[in-house]
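What follows is a pair of complexes built around chain A, which joins chain B in one and chain C in the other.
Coming up: the complex of A and B.
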C-alpha cells in the first residue's frame, strides 16, 4: 500500500473523497425518497415526531468543527456500520410483516442498504490511507431492538431513516472538511464550519 | 321466605388474547335435594364507576353434590382497557317449599384489573391485532398518571373518545373497512408530546379455493393449482397459509405461496404404489379457515412436459424418422403423440402415433407419404393415450427437406 504522503496516496485519497461526497449526496436523495414511500406505506403522517430512537447514532455532533479528520472518519464509519445493521433489520421485518405485498419498498430499502455498504467501503479505504486500520466489527452491532409493538417498530423505522438522511448531509460536510484540511496534517483541527 | 346461600365465586380468569373472562363457581348442590332447578344471575360491571355492562341468567340442575360451574364471557373491549368486575346470585326453585322464595344475596365482587390500574403500564390496546372487515372494534389508550389524551386517531380520522377511567379512554370503530398492507395505525396523541399507538389489521377470512386442479407432468411431483378467490387483505405472517393433506396416505405438505400471484401452486410428491389421491387443500388466516378437496386418479391427470431435442432424419424421398426426448418418467402409461407437418404449398397435417411410455426416454416415429424434394416443418406434442387430460406444449419446430424422387 502507498505511503500516506506519497503522490499516489494523495491522488487516491482525493478520488475516494470526491466519490464519497457524490455517493453521500445520492444516498441522501434516495433516503428522502425512501422516507416518503415509507411514511405513505406505513400510514404515518409527516408531522409525526419521533423521539431519539435508542441505538440510532445521532448526526448532530458537539464540537463538530474541532474534530480531526481521523475522528470524522471513525465517527462516520461507526455510524454507517450501525445503519447497515438497522436497515438489514428493517428489511427483515418488512419481509416478515408484508411478505410480497409491497416489494417496491423492500427494493428501495435494499438499494439504500447497498449504498450504505458502499459508503462504508469508502470510509475504510480513507482510513487505511491515513495509515489507520478500520476498527474491527465484532460486537459492534446495534443493540438488540427490545420487543417492540408494530406501531413502535414503524416509528423506529421512521427515526432510523430520518437520522440516516441527516448523516448523509453531515458526511458530505465531513468529507469536504477533510478535503480542505488535507494540505496540512490530517490531525490538525479543522477551521470552523459546523453542519 | 326461602333464600339460598350466597354463591361463592371460585375463580375469575382473563384471557387477554381473546378478551374473554372465565368464571367458575360452586353450585353448593349438596345442600339441596336432588334434581332442583337453579337460576344463576351473573352481572358484569366495568370502568372506574363500575357501570353494569350486562346481566345474564345461567340455568342448572342441582344434583345433591357440589358441582363447579363454568361460564365464559367475551368482552367487546380489550380487558387491558379498564377493570372488569363480576358478581353472581342464585334462585333455587325448591318445589317442596310452600312459602315465598327469593334470590340469594349477590356474591362479593371479583375483579380483573385493567392496565389503567398499573402505574407502570401504558399503551394502546388491542396490540397489533387482526379483525374481520365489518367488525365493530373498541380501541383504548391507557396513559401514565398526569398525562392526558389530546386526541385519538384511527387512520387519518379523529374519533370521539369514551371515558373509561382517569387513565384510560377508548374509541369505537364501527363496521371497520379493510386496512392497507401495513395495517391501520391507531394513534393516541398525549400531552407533553407523548404518543402511543397500535396497528389494526382488518381483512377477510380466506375464500374457498376455486378451480382446484391437480396433475403431474413427470410422475414425480403432483402439481395442484387453484384460484384464491377474494384477496384477504392480510400479508406476511398474517397472510393466508395453505396446506395440502392427502387422506389415503395421511401425508401433509405445507405450501409456499406468493400472495401476489393470481394463481396459487403447491407440489405434492408422487407416492410409491399409489394411483388415487384424495386431496384436501386447507386454507387459513388469523380470521378464519376453509378448505377444498379433490379426488384424482393420477394416470388420468398426466400433462407431459414439452418434448425436447426433436431431430428429423431420413434418406428417402417420401418418408422421415423423427426422434424426441421427454424429461419425465412415463413407465406406467402409454403415450399418444401428435406430429404436425407443414410445408410451403400444403396445409398443416397432424399425424397421431402412440407408444409405450418410458423412463426419461427418447421416442421415435416414422412418417411416410411425404412429397419428394419438399421442405417440411415438423413439431411434436404428447399426452396420455388411455385417459387424455392435456396435451404437452408443442416442441420447437424442426425443418427437414425430403430427397429428390
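Coming up: the complex of A and C.
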C-alpha cells in the first residue's frame, strides 16, 4: 500500500475521486429514472409526501461546509452501506410481490444496487488512502424490517429512492470538497477543518 | 385634528364635520377648493362612487366663524389582489431569496409579511433594504428532501391577501447569467470566434459547485441560433462562423447537477477576422475566380501555406499549388 502522502497515493486518490464523482452522477440519473418507474408501477403520485422514514439515511446535513474530509467519507460510507441493504430488501420484496411481472423494474433496482456497491468500494479505498481503515460492517447488518403493510412498504421504497437520489447529489459535492481540501497531496486537513 | 381615511374605489363616503351638529352651517373644501353645496347633506359631506382623483385633504369650516372644525386626508384605493411571489437561489449553497410584488397597485400603503417554513421549522427571512420587496434566507441544512413553504401576506387598510409557494431545495437553484462575456476574432481564421466569460460573481463557490454553460450564437442577418453546451471551462471557440458576418453571442449558466438555467447574458457582437484588402482590383479578381460553391469564403490573396518554389499561375492571380488544394478541399466541404 502506498504511503498516504506519496505521489502514487495522490494520483490514486484523484482517480478515485473523479471516478466517484462520475459514478455518483450516473447513479443519481439512474435513481431518478427508477423513481419514475417505481411510482408508476406502485401506483404512487409524484406529489406523495413521505415523512422521514425510519432507518433510511437522510442526506440532509447541517454545517455541511464545515465537515472534514474524513467525516464526509465516513458519513457517505455509512449511508451507502445502509442503502445497499435497503435496496437488497426492496429487490427481494419486489420479486415476492410481483414475481416476474415487472422484470424491468427489478433489473433497474439491481443495476442501482450494483452502482451503490461500486461507490462503497470507492469510499472504502479513499478512506484507506486517508490512512483510515473503513469501519467494519459488523453490527450494521440489514435494518430490521418492521412488519409493514404493502402500502407502507411502497411508501418506504419511495422514501429510500428519494433519499438515495439526494445522497447522490451530496456525494458529488462531498467528493469535490475533498479535492478542494487536498488538491495535490496528502490527507493533511485543510485550514477549514478542525484539528 | 387631522386624520387619514382610507376608502375603496367606488364606495360612497360620508364625512362628518367633527362634532358639529348636522344642522350647523359649514363649508367643505377639497385641497383648498370649496366644494359645491350639492354634495352636502346638512353638515355632512357625501361623496358618491369615489375615484382615485378624489384623494386629497378635506377640511370643514364653520361658516359663521370660518374656524376649521375638522380635517381629514382621504386616500382612495383598493384592497390588495393576490401577490406574485418568487423564490430563487442564485448563490447556492449559501441561501435563497424571495421577492414579491402586487399585480396591480392599491394606491394606498401596504405592508408585507413573509413566513418561511422548512418542515416544522420556522426560518428567518431577513428583509433587504433595497429592494424593499425582497428578503433572504440562509440555508441551515443542505440536501434536504423536506420542502420549503413560503407564505406572503399583504395587508392594507382595505383588506388582505396572501399566496403560498412550496418547493424543494434543488428546484429554485438558478444562477445569475455569466459575466464579462467577450467575443474576439481569431487572427487569420475567417470562420472562428473566440468567446470567453466568467462565472457570475454571485455564485459563491464555483470550485465545489461548478457551473456548466450554454452558448448560443447567430449572424445578425439570420434568426436561427446555434447552440453549444459546455460542461466545463469558461471559453469556447466557434469554428463555423460565416466569414465577414457580424455575430451576436450569449451565454447562460446552470449548476452542473441541479436547478435551472440562468437568463441569457448580455449579448456581445463580434465579426470573424477578415483579410485587409490590399489592392481593390486583386480583391475583385480573387472573388471572381474563387469556387462558386460558396460566396462567403474569401481566401486571402497571399497565403502562408505556399511552398516558395511551387506556384501555378491561374489567370492574372498567382495561387500557390498547396493553397489551391486547400481551396478545393473547402469547395468540396461546402457542396
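One rule holds in what follows: the second predicted complex is superposed on the first by the 181 of 195 C-alpha atoms of A that agree within 3 Å, B and C clash if a C-alpha of one lies under 4 Å from a C-alpha of the other, contacts with A are read in each partner's own complex, and residues count from 1 in each chain.
As a convention for this text, contacts are C-beta pairs under 8 Å (C-beta built on N, C-alpha and C of every residue); 3 or more make two chains touch, one makes a residue touch a chain.
As the structure is a computational prediction, the values presented were derived from the model and not from experiment.
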{"item": "Clash or fit, chain B versus chain C on superposed chain A", "value": "fit"}
{"item": "Which superposed partner A:125 touches (first chain B, second chain C, both, neither)", "value": "neither"}
{"item": "Partner chain in contact with A:176 - chain B first, chain C second, else both or neither", "value": "second"}
{"item": "Touched partner set for A:102, first chain B, second chain C, both or neither", "value": "first"}
{"item": "Degrees between the directions from chain A toward chain B and toward chain C, using C-alpha centres, nearest 10", "value": "110"}
{"item": "Which superposed partner A:154 touches (first chain B, second chain C, both, neither)", "value": "first"}
{"item": "Shortest CA-CA distance in Å separating chain B from chain C in the superposed model", "value": "11"}
{"item": "Footprint overlap on chain A, where chain B in one structure and chain C in the other make contact", "value": "49"}
{"item": "Touching residues on chain A, where the partner in the complex is chain B", "value": "41-45, 48-49, 95-103, 149-152, 154-155"}
{"item": "In the complex, chain C residues that touch chain A", "value": "93, 140-147, 170, 207-210, 257-258"}
{"item": "Contact set on chain A toward chain C in their complex", "value": "25, 28, 49, 52, 58-62, 64-65, 162-163, 166-167, 169-170, 172-173, 176-177, 180"}
{"item": "Of all residues in chain B, those that touch chain A in their complex", "value": "123-124, 127-128, 155-156, 180-187, 193, 195-199, 235-237, 239, 258-260"}
